[in-house]
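Here chain A shows up in two complexes: once beside chain B, once beside chain C.
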Partner chain A sequence: MAKHSIMVIDDEKIVGDMAKLSFEQDGYEVETFLNGEAALERLQEKRFDVVVTDMKMKGMDGLEVLRTVKKLYPGVKVIMITAFANLDVAIEALRDDVHDFFPKPVKIKELKASVKRALGEE
Partner chain B sequence: MKIEHKIYLSNAVNILLIVLIGSFALQNLNEILTKFRFTVIAEGLNANFLEMRLAEKNYFLYGDDNALSNIKARINQTRETMLQVRPDIIRAVGAEKYTVLQEQFHAYAQLVDLISKAQYRDAMVQQKLREAGQNLKTFSENITALESDRIGAIIVRSKNILLYSFWAVVLFAFLFSNLIVRNISQSLRKVVNLTRAISTGNYRKIEDKPSSDEIGAVISAINSMAEELQKREKEIVQSKRLASIGVLVAGVAHELNNPLNNISMLAQTYAEVYDSLSTEDRIGFMERVDEETERLRVTIHNLLDYAKPKEQHLARATTNQVIQKILALVQNMLDVSNIKIKLALAGDLPDIYIDEHQIQQVLVNMVTNAIQAMDKGGELQIGTRYLPDEDEIEIEIGDKGKGIAPEFLDHIFDPFFTTKGDSGTGLGLWVSYGIIKNHQGNIRVKSQIGIGTTFIITLPSCKKLKRCTDGEA
Partner chain C sequence: MQKSFFRRIKEVLGHDSAAASDLAARFLDFQAVLDGNNRTLEAMTEMGEKLGGDYLFDVNYTRSAYAALFAAISDSLRHFTLLTDNQYPRLAEVLARIDGLVQRMLTGIEPISSRLVVFYPEITWDMAEEVGGKNYHLAELANTLQLRVPEAFAITTAAFSDFFCHNGLEERLEGLGSADDGVLAELRGTILAGAFPEDFTASLASALETMRLRLGRDGKLAVRSSAEEEDGDFSFAGQFETVLNVPCTIEAVQGAYKQVVASLFQANAMSYQRQLGYDPGKLKMAVGCVAMIDARASGVIYTAAAGKDRGRMAISAAWGLGPGVVDGLTDADLYTVAKEEELRLAERRIGAKAQMVINSGGDGVETKETPVELMGRACLGETEILALAGQALAIEKYYKIPQDIEWAVDNTGRCYFLQARSLRMDESAAEATAKNIEAVPDSYPVLLRNQGVVVQRGTTAGKVFILHHIDELEHIPKGSVLVARHDSPHFVQAIPILNAIITDIGVPTSHMASICREFNIPTVVNTGSATEVLQHGQVITLQAGEGSEVVVYEGIVQSLLREARRTGAKLRELYEFRRQKYIMRYIAPLNLVNPLEQEFAPEKCKTVHDLVRFMHEKSVQALLANAGRKRRGLGGLFWHPGALRRLTLPIPVQMQVIDLGGGLRGDGAGKVTGFAEVTSVPLRAVLAGMLAPGVWQNEATALRGVDLLSGMTRAADLAGEGAAVLENVALASSVYVNMSLRFGYHFNILDCYCSETPRNNHIYFRFVGGAAAITNRSRRIALMAQVLAEHGFALKAKGDLLVGRISGQSRQEIEGILEQIGRLIGYTRQLDARLDSDEMVNTLARRFLAGDYRLAP
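For the complex of A and B:
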């Protein structure tokens, strides 16, 4: 079976780095991006199963990433993480069919469980 | 007293005056009528008396018996008339004079009787009759003349009273309406001043105890409206303050949650992949934890530093000198960034009363922002001028940089708002705003994308603050 691929977008480099290390340990294929524009460009070339994106970023923010992904690739699941814990943003993300929503600091175990659910492995 | 009641009262007083004057005039007219009736009667009697005296003369001169019977006929006629008009005469001249008249008439009639019975031709009796006739005629003519005079006097009196009371009524009406009008217009002026004051945000009460009239009711209503407005305004200010605290707290949460999340993820991953890590990798993990901790420390330090209420050291200062000082500080930065400076400093500006260190901090912040907006070099404009109407000094700092998008303009003074990415804390303008507000000044911004941004700072002159002569406060 081909490896599931995960895209992680966060302007905090450590988030991408740690997610990559941890998810690769579990046998996922992971690519990380520091902004939404670069990530969406990559999506045109390669199909990912799950996109994990930060909410507040310079340039394109997480909601825009979510909307674009859902519009262009409706099957791709999007999980959102944010340091800006705000109910309004969460509600807006839910309306746009976000798969899950995590406030920072994120528990990697919970994030992994959410990814598994997204892939229908649980 | 209500205005309505005042007007009713004034009308009542006027009506009462008119009734008084009217009844007085009526009484006078009645009196004149009585006197006039009397004079008509008296004229008739006088004519009779004259006829009697003529007949008496004829009788005595010619011994004409017809003349004597003529006198008798006249006497009878007069007696009848006097009985008929007795009440009129008494009403006009009083019972006393009527009695005198009657007595004289009787005396005359008796003498005529005596003469006609005794056929007296005696000179003595003739003389008596003449005297009696003369007396009767004189008395009758006298009271007639007297009553005529009285009629004249009553008419003059009535005329005067009508004239005076007319002026009295006119004067009263004028004064009273004037009083009411002045009262109303004074009160209305108070209302106008009050509403004008309220519209400028000055919620003073017009007076402690408004009058009990309609204007007083309006003033009470406005007073309670002002009170309510003031309460609402306080609530709005309070909720705005809470909102800005909310913005601050949300910003703080974001600034703290990111490094916290990084540390947490480093720790979780470290534990998970520990076995596969080399010693170097492990040291790398710990160094990154340390870096993130340092980042947290700096954020908290900045926040505490900005949040700490600093003691102000206020002193009189000259705006243009302050600007020259900060230009010396930033000159190197300007040269490196290839930015030319264009100064338009007005001469003879009034001095200001400031904490120079704080104002320098604001100006350096503005200039730094301008330099960062012109990453390809350009021109920085700094101008000063005096606003005589407000007695304030205006400082303009304009760049020809990228400009700020309209949707950001409302937020640039919010804490943690930045368009500079990692190079900005988002606290500079927020702090600048606080400093300028603490100096009772104002700060605003104009910006157009691609054209540039101008910050305009106004500060009150030391004269306006009444601090020109003070030294350090």
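For the complex of A and C:
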């Protein structure tokens, strides 16, 4: 069976690096991006099962990433993480069919559980 | 005497309101220090958890979390300064330096210091980045551990930056990521042909002049790399060039410097850096210039013999210079030393040592045949081996993890240390222990499940060692699981040999908890009953997960240990992750452990945790001293009506109580109050003990002539200053009491904070004097010491003086101990005259602890 693939978008390198390392340990294929634009470009070439994106980024923000992904690739699950958690953003993300929403710092174990749910593994 | 007494009264009464408000203000400062310390410790715990590898975090998080921590410790320091009348101005400097270091980590801005060359004795605790890991550790061996290290100086990372800038190399470092071997070779060529900035040459020339003065004209240097993290978390072993036997001339050292620095860009070194997550070209290198030792023999010590147990160290030795051993050039001697109570040479394997490396007559070194008379002869005698092992053990103890140490012995027999770095064990300690425990049970009964709070996660196995007294720490075998009633920062001394810690009582923010996290010792506190459920010597496997996911199995569960090794191993290879985590180095480690030691001083504080510990201890002392001063002038103590009241008790004790807030019920209109009105938790507890049935010794005691005489001559010196106005007095708030009791010729001082936050709580108890002869008085002290030791007090006794302290207990426990102290105060009141033998001390102490207060033999 092919590996499930995860895309991680965060403008801070450390977040992507840590996520990549953690998910790879569990056998996922992971690619990381520092901005939404580059990530969406890559999505045109390759299908990912789950997108984990930061909310607040320079250029395209997480909500925009979410909307675009949902529009172009409705089957792809999107998980959002943000250091500036507020209810309004969360509600908006929910409306746009976000799979899950976490404040940062996020416990890696919880993020992994959420990815599993997104993939129907749990 | 009379004159001074009246003058004192006058002084006190003349300053009524000032004294009163001063004490009240100080008490508020004291509470503010505790509050600030608590917030600091909570922030520290939170940061430690979030940066520990279980969370995805970004740099914004680290910044805001640190800002909260800094605000808390600053609050604490501000109130501490007021409380202690600015007695410790150095603390503000320490905090500023720590803040500078953390900010540098957070912002990635270069060190402010622009020093290009620093001699080892000038290298201080905050210079790790400037001088690189290898220089830093070697200097630490000399400066802190007072071990012999050759004369040496460091060429800093600032000098490195200057050199690169001067030669226009900075741009070349950008985009090195995709550089092939050709590009790297070209870069190395440019470095080797590089010129030195004037300042650099001048600083180096001056340092070399100093070296020539110290070593003589023919003195030679080893020029070695000391990269940022070298010999820290990562060894960089063998990655960079070392140039040996370099003359102390500017040309020669500059040539060697360029060789060493160029080696940063060797293909192997570049791939090692990539593996550690460095952006290529980002790593800066300091360089060490260390005097060459004309070595008779040299070698390496592993303070934990790799692949075996931690209880043995391995020393390899060869004739001549170090490369003989480190580069595996020759068949070296191998000595094994057992780390027992006394070090013991356990095994000696003498190598043939057909070749040896020596200083060549000119520059450099050469490998030659070992002279026949030396071949097959041991390089070191037993005395030398054990002396070396002893020093190596001191290094391991200091760094708290096994060490990989390079050493050399010169022709006069003097031993020098050339390097010390953490030893990465091939197997986890847990597995090593598991292999050494022979009997592996077939099934694994669960002994504890989901009890307690996990302080440090992890899975490990070992033999249970139930600790009853702090003294037993020295006897804990390697690889044990320490099981104790309470946690204690004293456990730090055993941490290098422990596999895990489990306590009945404790909190995840204690000093001990921080230490366990720092050293990744799986730790569970507050299990309630570990000391009862687990048996001394029992072999267990501890699985500590999140929160209270705790399982203790009987036996070794191999599958769990294997699982534990597989996960979480690579995170430390992310550079940015390590950098954020390194911030904790300036925050969490606790260096100040024992307040009774000389090391307990402001200048020894290196971390935020040290500051918290220091301020806590000194705040208690300041409050105690202040309360003592104010007590002597009763007129100055009440700042609101009804604050001062006479306590009437059904025992022959007269006591004044000064209410600092919440200590007494009612408005005190009558100025007289009973036990029922006491609302101060600690005062109530100690009084309850004093009032306990059967405890109060009322029988008339026959004092012998010698006792009477002794009592009369001692009255004056015992009473001390201001004794004429001294009564039994208690300063009390809802959570605090400071009381002073005088019975005839002896005095008790009790200072206690007893709140719902265990780490704020302390008891300080002091007892001095008596009317009987000194032998009897000392026996009474011995009896009290026995009782207090049973409750975990740290004690100091001398003659008829006893000082005991304990801290970190829960409110309930403090109350229990205070009741016992109350009973002890009543019980020992006239006991000294009756203690005719040492046996009687033991008998009565045992009885007292069993609740039997009879004095009759």
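Quick note on the criterion: the second predicted complex is superposed on the first by the 122 of 122 C-alpha atoms of A that agree within 3 Å, B and C clash if a C-alpha of one lies under 4 Å from a C-alpha of the other, contacts with A are read in each partner's own complex, and residues count from 1 in each chain.
Please note the rule applied: a residue touches a chain if its C-beta (ideal position, glycine included) is under 8 Å from a C-beta of that chain, and two chains touch if they have at least 3 such contacts.
Remember, it's a predicted structure, so these values are computed and weren't measured experimentally.
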First, second, both or neither for A:Arg95, with chain B first and chain C second
neither
Tell me the contact category for A:Leu21 with respect to chain B and chain C: first, second, both or neither.
both
Which of chain B and chain C A:Lys71 touches, first, second, both or neither:
neither
Taking the superposition on A as described, I'd like to know which of chain B and chain C A:Asn86 touches: first, second, both or neither.
first
Looking at A:Pro105 after the superposition, I want to know if it touches chain B, chain C, both of them or none. Which is it: first, second, both, neither?
both
If you stack the two complexes on chain A, which partner ends up touching A:Lys58: first (chain B), second (chain C), both, or neither?
first
Using the superposition on A, tell me which residues of chain A are in contact with chain B and, in the other complex, with chain C.
12, 14-15, 18-19, 21-22, 25, 81, 83, 104-109
Interface with chain A, chain C side, in the complex: residues 50, 54-61, 277, 546, 567, 570-571, 574, 576-577, 580
Which positions of chain A touch chain B when the two form their complex?
12, 14-15, 18-19, 21-22, 25, 56, 58, 81, 83-86, 103-109
Of all residues in chain A, which touch chain C in the complex?
10, 12-15, 17-19, 21-22, 25, 81, 83, 104-109, 111
Could you list, by residue number, the parts of chain B that touch chain A in their complex?
250, 253-254, 257-258, 260-266, 268-269, 272-273, 276, 288, 292, 421
